[in-house]
Amino acid sequence: MWLNIAFVGLKVLMIIVVAGIVVRVAKMLIRKTFSVRIKGPLKYNERRQQTMSKLLENVVTYAVYFMAIIAVLSAFTIDITGLIAGAGVLGLAVGFGAQNLVKDVITGFFIIFEDQFSVGDYVRIGQAEGTVEEIGLRTTKVKGFTGELFIFPNGNVTDVVNFSIHNSIAVVDVNISYESDIARVERLIQEFLVDLPEKYEQIIKPPELLGVQNITTTEIIMRITAETLPMQHFAVSRGIRRDLKEYLDQKGVEIPYPRMVMVQRSPEESNPSVIAKK
Amino acid sequence: MWLNIAFVGLKVLMIIVVAGIVVRVAKMLIRKTFSVRIKGPLKYNERRQQTMSKLLENVVTYAVYFMAIIAVLSAFTIDITGLIAGAGVLGLAVGFGAQNLVKDVITGFFIIFEDQFSVGDYVRIGQAEGTVEEIGLRTTKVKGFTGELFIFPNGNVTDVVNFSIHNSIAVVDVNISYESDIARVERLIQEFLVDLPEKYEQIIKPPELLGVQNITTTEIIMRITAETLPMQHFAVSRGIRRDLKEYLDQKGVEIPYPRMVMVQRSPEESNPSVIAKK
Amino acid sequence: MWLNIAFVGLKVLMIIVVAGIVVRVAKMLIRKTFSVRIKGPLKYNERRQQTMSKLLENVVTYAVYFMAIIAVLSAFTIDITGLIAGAGVLGLAVGFGAQNLVKDVITGFFIIFEDQFSVGDYVRIGQAEGTVEEIGLRTTKVKGFTGELFIFPNGNVTDVVNFSIHNSIAVVDVNISYESDIARVERLIQEFLVDLPEKYEQIIKPPELLGVQNITTTEIIMRITAETLPMQHFAVSRGIRRDLKEYLDQKGVEIPYPRMVMVQRSPEESNPSVIAKK
Amino acid sequence: MWLNIAFVGLKVLMIIVVAGIVVRVAKMLIRKTFSVRIKGPLKYNERRQQTMSKLLENVVTYAVYFMAIIAVLSAFTIDITGLIAGAGVLGLAVGFGAQNLVKDVITGFFIIFEDQFSVGDYVRIGQAEGTVEEIGLRTTKVKGFTGELFIFPNGNVTDVVNFSIHNSIAVVDVNISYESDIARVERLIQEFLVDLPEKYEQIIKPPELLGVQNITTTEIIMRITAETLPMQHFAVSRGIRRDLKEYLDQKGVEIPYPRMVMVQRSPEESNPSVIAKK
Amino acid sequence: MWLNIAFVGLKVLMIIVVAGIVVRVAKMLIRKTFSVRIKGPLKYNERRQQTMSKLLENVVTYAVYFMAIIAVLSAFTIDITGLIAGAGVLGLAVGFGAQNLVKDVITGFFIIFEDQFSVGDYVRIGQAEGTVEEIGLRTTKVKGFTGELFIFPNGNVTDVVNFSIHNSIAVVDVNISYESDIARVERLIQEFLVDLPEKYEQIIKPPELLGVQNITTTEIIMRITAETLPMQHFAVSRGIRRDLKEYLDQKGVEIPYPRMVMVQRSPEESNPSVIAKK
Amino acid sequence: MWLNIAFVGLKVLMIIVVAGIVVRVAKMLIRKTFSVRIKGPLKYNERRQQTMSKLLENVVTYAVYFMAIIAVLSAFTIDITGLIAGAGVLGLAVGFGAQNLVKDVITGFFIIFEDQFSVGDYVRIGQAEGTVEEIGLRTTKVKGFTGELFIFPNGNVTDVVNFSIHNSIAVVDVNISYESDIARVERLIQEFLVDLPEKYEQIIKPPELLGVQNITTTEIIMRITAETLPMQHFAVSRGIRRDLKEYLDQKGVEIPYPRMVMVQRSPEESNPSVIAKK
Amino acid sequence: MWLNIAFVGLKVLMIIVVAGIVVRVAKMLIRKTFSVRIKGPLKYNERRQQTMSKLLENVVTYAVYFMAIIAVLSAFTIDITGLIAGAGVLGLAVGFGAQNLVKDVITGFFIIFEDQFSVGDYVRIGQAEGTVEEIGLRTTKVKGFTGELFIFPNGNVTDVVNFSIHNSIAVVDVNISYESDIARVERLIQEFLVDLPEKYEQIIKPPELLGVQNITTTEIIMRITAETLPMQHFAVSRGIRRDLKEYLDQKGVEIPYPRMVMVQRSPEESNPSVIAKK
């Protein structure tokens, strides 16, 4: 029996070693092929090519290791069957387990087939927001803004928000005080906006002053929008904010602090018991 | 065996290339047909035609690639069957996976059949809000206000809010101070509203002053509503807000700042220990 | 084979055209019948009649198009069966898909049968609030206050809130200051309420002063309720609010601003380190 | 074939008319029976009798219309069977649909059998709060405080809160200032509470002063509780609040405004850069 | 046929009357037995006995009425079977309905068997909090603090919080100002706590001063805990709060009001446009 | 028949009595065994032993009573079978009921087998937080801080947070004012921390000053962490807070009150209508 | 029979003892092997090795105890079968129970196979955030920042956030007042940032000043980002905050307190009743 175990162990070791080598070689080949074929006749979307490369590596890895596991398991098979009498229960359980796996793979297939997002896109999926790093057969990896890596099974991907397909809109709100002359401020901002596209090359169309977005309890809010290249709206917003602040300062338009009207009363006046006694 | 693999690879490549060409040709034909047939005898709703064009492209793409995949898989079939003994488990899992797919397709069919929304409508579906860009067989794409693209399977579409079917109502709230003469303010606003429909052509009916919507701790809120063309209420609201603010300024009606009555006390009076000791 | 496809295409086209014509004719007939039969012997509830008219149109449309789809599919049948070997998987998936459809139809049937709401009622169902525009076999449409249209499958309708069946109650809260004489204010409000039913014809019963609803940190809140015709409580509340504000102003009852008692301290007194050092 | 359709139509019409008449007659009989039998020998709980009357009407309506529908459907049967080949799918779907129906009926049965609430009780079930108007076989109707009608299937009724079975407790919180003499205030409130049961007949037991419920940042909160007849606690609370406010005013106990201690500093002292430079 | 119906009606009536009588007699017997057997040899936990008495009544009621219903149904059986052809659908639906019923009964059984709570215990289960009034076979009834009765099926009982098994801990937080001498305040509170157990007999162990629980922006919070008899912590907390407030007042320890440091600036200094122009 | 019932009753009574006696004897034996075997050769983890003792009692109780119930039921069997024809429905329902029971037991088994927590550990599981009192076969009991007992089925235990396995970290945040010299404060706190481990023996490693955790609108927050014995961090935090407050007071480092810069304006200046008129 | 029980007990004891010894020996061997093999030819990722060591121990423990349990159960088998007649119900229930177990194991397998996280990584999974301590076959253990241990089944692991794979980004926001010269402040911060990488070796790239992130009601917020080694961003942020505060103090750039503009009014002016009377 000990011989048997040793033999099985050896077999398992060999399978693992071989599988490891095959995976490495395959990955290398895939990378080379893709770096060469960029200028081939089929002219794949460059954005999609990167996705495909990552995916192919992933698929090959799974396929090879899957076969390795089957091989390893088959080496043990006889013992396992001996242990568990009720194989039906195991079959049922494995069936349910595989269900999730299949769901992940099918959804992953549609993500790539429908080109919902590619490697390098900036997306928001559930709680994950960031740049897609890898779309695998079973899981997707997204790298967040502050460096964290989100890993989730494809079956969890339902609502995708993709920021990299269309141009982004930078939205900047400016507060001005009630006392400001709205017409004059609008004129000033309009003038200011004219020069922006020259200054920021990420701005596609001339920015627009939408108008009085809201009148809060202490401020009038003016909204400006500017269409930019995808995901450039953060940088553009920051720029507009700074430039506009300086511009309005020069023109003497005040950005208001919160304001409150105070009415002073003497304590006698506000003490109910005093009044009641009168 | 290597020959076999090479042969399969070649076959797969060919299938992919042919499928790609067919899809492109079909898409081109669909677009041409639709751009021609606008003035045909059947007189489809123009709004719906755009939806149909996008959908047909989508359906053709799926159909062609679906056949291609079947073809590709059939090239591999023998190997797969050899690997997995328990095909029942796989069948079950695929059945469950297909279930979601079918659900998406059926819901998608009803969205189009019941004309819940068309390409170009402004809708809110779950967390996605924006203009519908494409209604596919399996997924719908909605482009948000700031440029992001929402992609979700049709099976997730349950509650649809469509803003493009009926006229919109612009709602503007104006705050006036407690000290204002409500009757006079109402008269002033009524006069102001009379001229609005001339100024903004998006306004359908003469706007209405609903009255005193609420009395908060420091303000009286008057509500104005104006029926506009679909999705024009944002622009109209902004316009009314600005014009009304200027109008009320001219007439001397104050928009109040938050107000607080302060009662001054000396520290001795408010120190409990001091009082207790007396 | 190309001939076959062309033939099938022709057949499909013909089916669609015929179905379209049948639906239009049927809708026209339904509308005529209902506009005539209002004074028939059966005396249906007028409110319900409108619902029935909309529903019948909906049912006829579905029935005709359903037959058309069956006809179209049967033209394709042979090819589909040829493609998919495992028809069991498809059957299962379609069964699950149909399940939702049936659930929608059954719930829709009960909504109409139990008269939970009719076309024209003001309802709140889930997140949708507004006037019912159409109750279909599968979906219900509700038009919101600001013009948006909510569309949801009947299967999602569980908790219905219907505002159009019973009279509504207008609830108006008035804040008075701590220093006010509550008894006098109550007397004043009582007098004020006596004249209301004459002024607003939507008020059914004489309004009631419930009393001191709450004593917050700076105000005493008095609550008034008035029973009005269904959905007239918004308008009535606005009217009462304005009239009462003017009335209390005349009588010299103050609506209080938020109030705060300030205790002044010199910095030395409040610097812990200074004290500690002593 | 047209004859056939006409015949079926006639048959359906007749079934509907007969069913309508039967339902009306049955309802009338039920109402008469119940108005007579109040003094019968079985002495049903009067509260429950009203529930039963409503329920019986509901059951009869369902039963009659159910038979009518079966009759109507049987008139169509041959055509339907002809259309749909796969009756198994339909059977499955109807089975699932009926499941919800049965669940509603079973839960409804237990609501009445266990007397969880009766018509006229004030209850809170899920988001619905108000007076029960009707307990049907499938749905329950609750009328809310402001006139809206909540309609929900009995299957949604899980957690019931019934306010009409036991006496209610009115809870009144009074704020007094830190500077007040707690012992004296407690004595005063105790005296005040003694007279309450005479004044408000809905109060069952002498109200109780629980004591210092909480000490917040600016107030001491004293809590009073009074047991009242079911659902009379709102009215009683309002009364106690008003009376107690007047009483404390007379006795010179202050209800405190929010309070804040202000420490004045000169700008130089608080500018970090100035200090840092020193 | 009418004879048949009359006969069935009579039969049903008789069954109901007999069942009603049996239930009443059984309940009476149960109550007598339990009031007698308190001093029997088996010495059941007195707390559990009350639960058992209520439960037994409940079980007997169900059992008798269940048999009655079976009897009534069997009188109708022949007609029902005649109406519905597909009995399988009904069976399935009833099976699912019964599933919930069985789940409720099983969970109810474990609640009593594991003695999770008994009649009279103060518990929190889901949203219900109050004293347990009845544990039935299918539902549990809990009476809330303000008199409302919570009724929920036992199947909903998962997380139980029982307050009546162990002693409760009264937690009292005291705020003192930054300027206070913490060491002295701790000494004072320690002295104060020594006398408490004599004053409040519900306190089991000498209360403890935990120390400085938190330092908020304007206060230092000291925490005191006192172990009391079950559910006596509310009353004890109220007492400690009042006594401690008086004690600290006597000793001159200030309970601080919220505090804010104000820095005054002239408008010129804070107007950015003015500065920018310089 | 009455004889039969009496006989069954007697049998049931006997079974209950015998089962009660067996359970008591078994519990006694278990306690004795465990109090003896602490010094046995197997050297179980002492923490685990207590868990095992409680569990064994629980298992024995269940096993005995389970057999008793089977015995009691078998006495009734014949009657029950007679009543219910469709035993299949009952079987299905019991199967589903047992499913939950089995899930609870399996999860309970893994809790103990994987040693996720033991009796006496301080844990947070779902909404329950406190000391584990008993881990049973089906339910777990946790005693909360204020004396309440949480009882929940093991199947609800998914995410366990165990505070008793590793050392705890006490986290203390100190606010200092903008005007403070950060470098000096850091030096002072460092000196202060050096003496702490001697003062509090629960501190394992010398505490650490992490640095400037945050700069809020009015304060600089410095964070200190100290590793303590498990669950000693509450006590240690309280101690550090008090000592540090006194230390900083001595050294003249101010803990700042909230601060606000006030800019005074005259009413004329801030009234928009006045300005607009100019 | 007693003999039989004794014999079974002995057998069970022996099985447990043997299993315990085997597990200990196996664990020892695994540890030794791994500490030796670090420099073997296969060159596993060092990070993964630690995970493997822990996992192998876990797997061996399970495997051994699983066999032991099977052995123990088989000793009891005959009795159990005798007790429960309906073994089908048990089988079903065990099947469902095992389903969860299998799901946990499969997910656990993919976590390790896809290298989602390893022992020592800092991750956030659901509500658990901390350092991974152990990845077992069924459960994962994560040690939180303050010392608590999170234990959850692998089946609950869906969305993983791994902070240890990529570099982290430290984000520091600085508030400056409206009155500041933005251009100058930007210049100052830029100069400040140049020296940072030398000071903090965890900073990988020169930090960046993103610009004006936001303009709130009283402050301008400037954002700085710095790429650091994984999980070093907390320490780096703290350092930057302190250094920058000192630097800006030196340069005379003010960090603003919240600001409010106060408008003083006399009570007469703000009392509506007074005005109304005029």
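Here the chain labels run A, B, C, D, E, F and G in written order, and each chain numbers its own residues starting at 1.
We take it that contacts are C-beta pairs under 8 Å (C-beta built on N, C-alpha and C of every residue); 3 or more make two chains touch, one makes a residue touch a chain.
In this text, all values refer to a predicted model and were calculated from it rather than measured experimentally.
Trainee: Looking only at residue numbers at the chain A/chain B interface, is the share used by both copies over half or under half? Answer same or different.
Mentor: Homomeric contact, different residues on each side for the most part.
Trainee: I'd like the angle of the rotation relating chain A and chain E after CA superposition, in degrees, nearest 5.
Mentor: 155
Trainee: Taking each chain's centre as the mean of its CA atoms, how far is chain B from chain G in angstrom?
Mentor: Roughly 35 Å separates the two chain centres.
Trainee: Determine the centre-to-centre distance between chain F and chain G, using the mean Cα coordinates as centres, and give it in whole Å.
Mentor: The mean C-alpha positions of chain F and chain G differ by 20 Å.
Trainee: Mark out which residues of chain C touch at least two other chains, giving numbers and ranges.
Mentor: 94, 101, 178, 218, 246, 255, 257, 259-265, 267, 269-270, 272, 276
Trainee: Within their complex, state which residues of chain C touch chain D.
Mentor: 42, 67, 70, 91, 94-95, 98-99, 101-103, 105-106, 110, 113-114, 116, 124, 158-163, 165-169, 171, 178, 182-183, 186, 210-215, 217-218, 220, 227, 230, 233, 259-267, 269-270
Trainee: Which of the residues in chain C end up touching chain B in this complex?
Mentor: Spelled out, the residues of chain C in touch with chain B are 17, 20, 65, 83, 86, 88-90, 92-94, 96-97, 100-101, 126-128, 136, 138-139, 143-153, 156, 174-175, 218-219, 235, 238-239, 241-242, 245-246, 255-265, 269.
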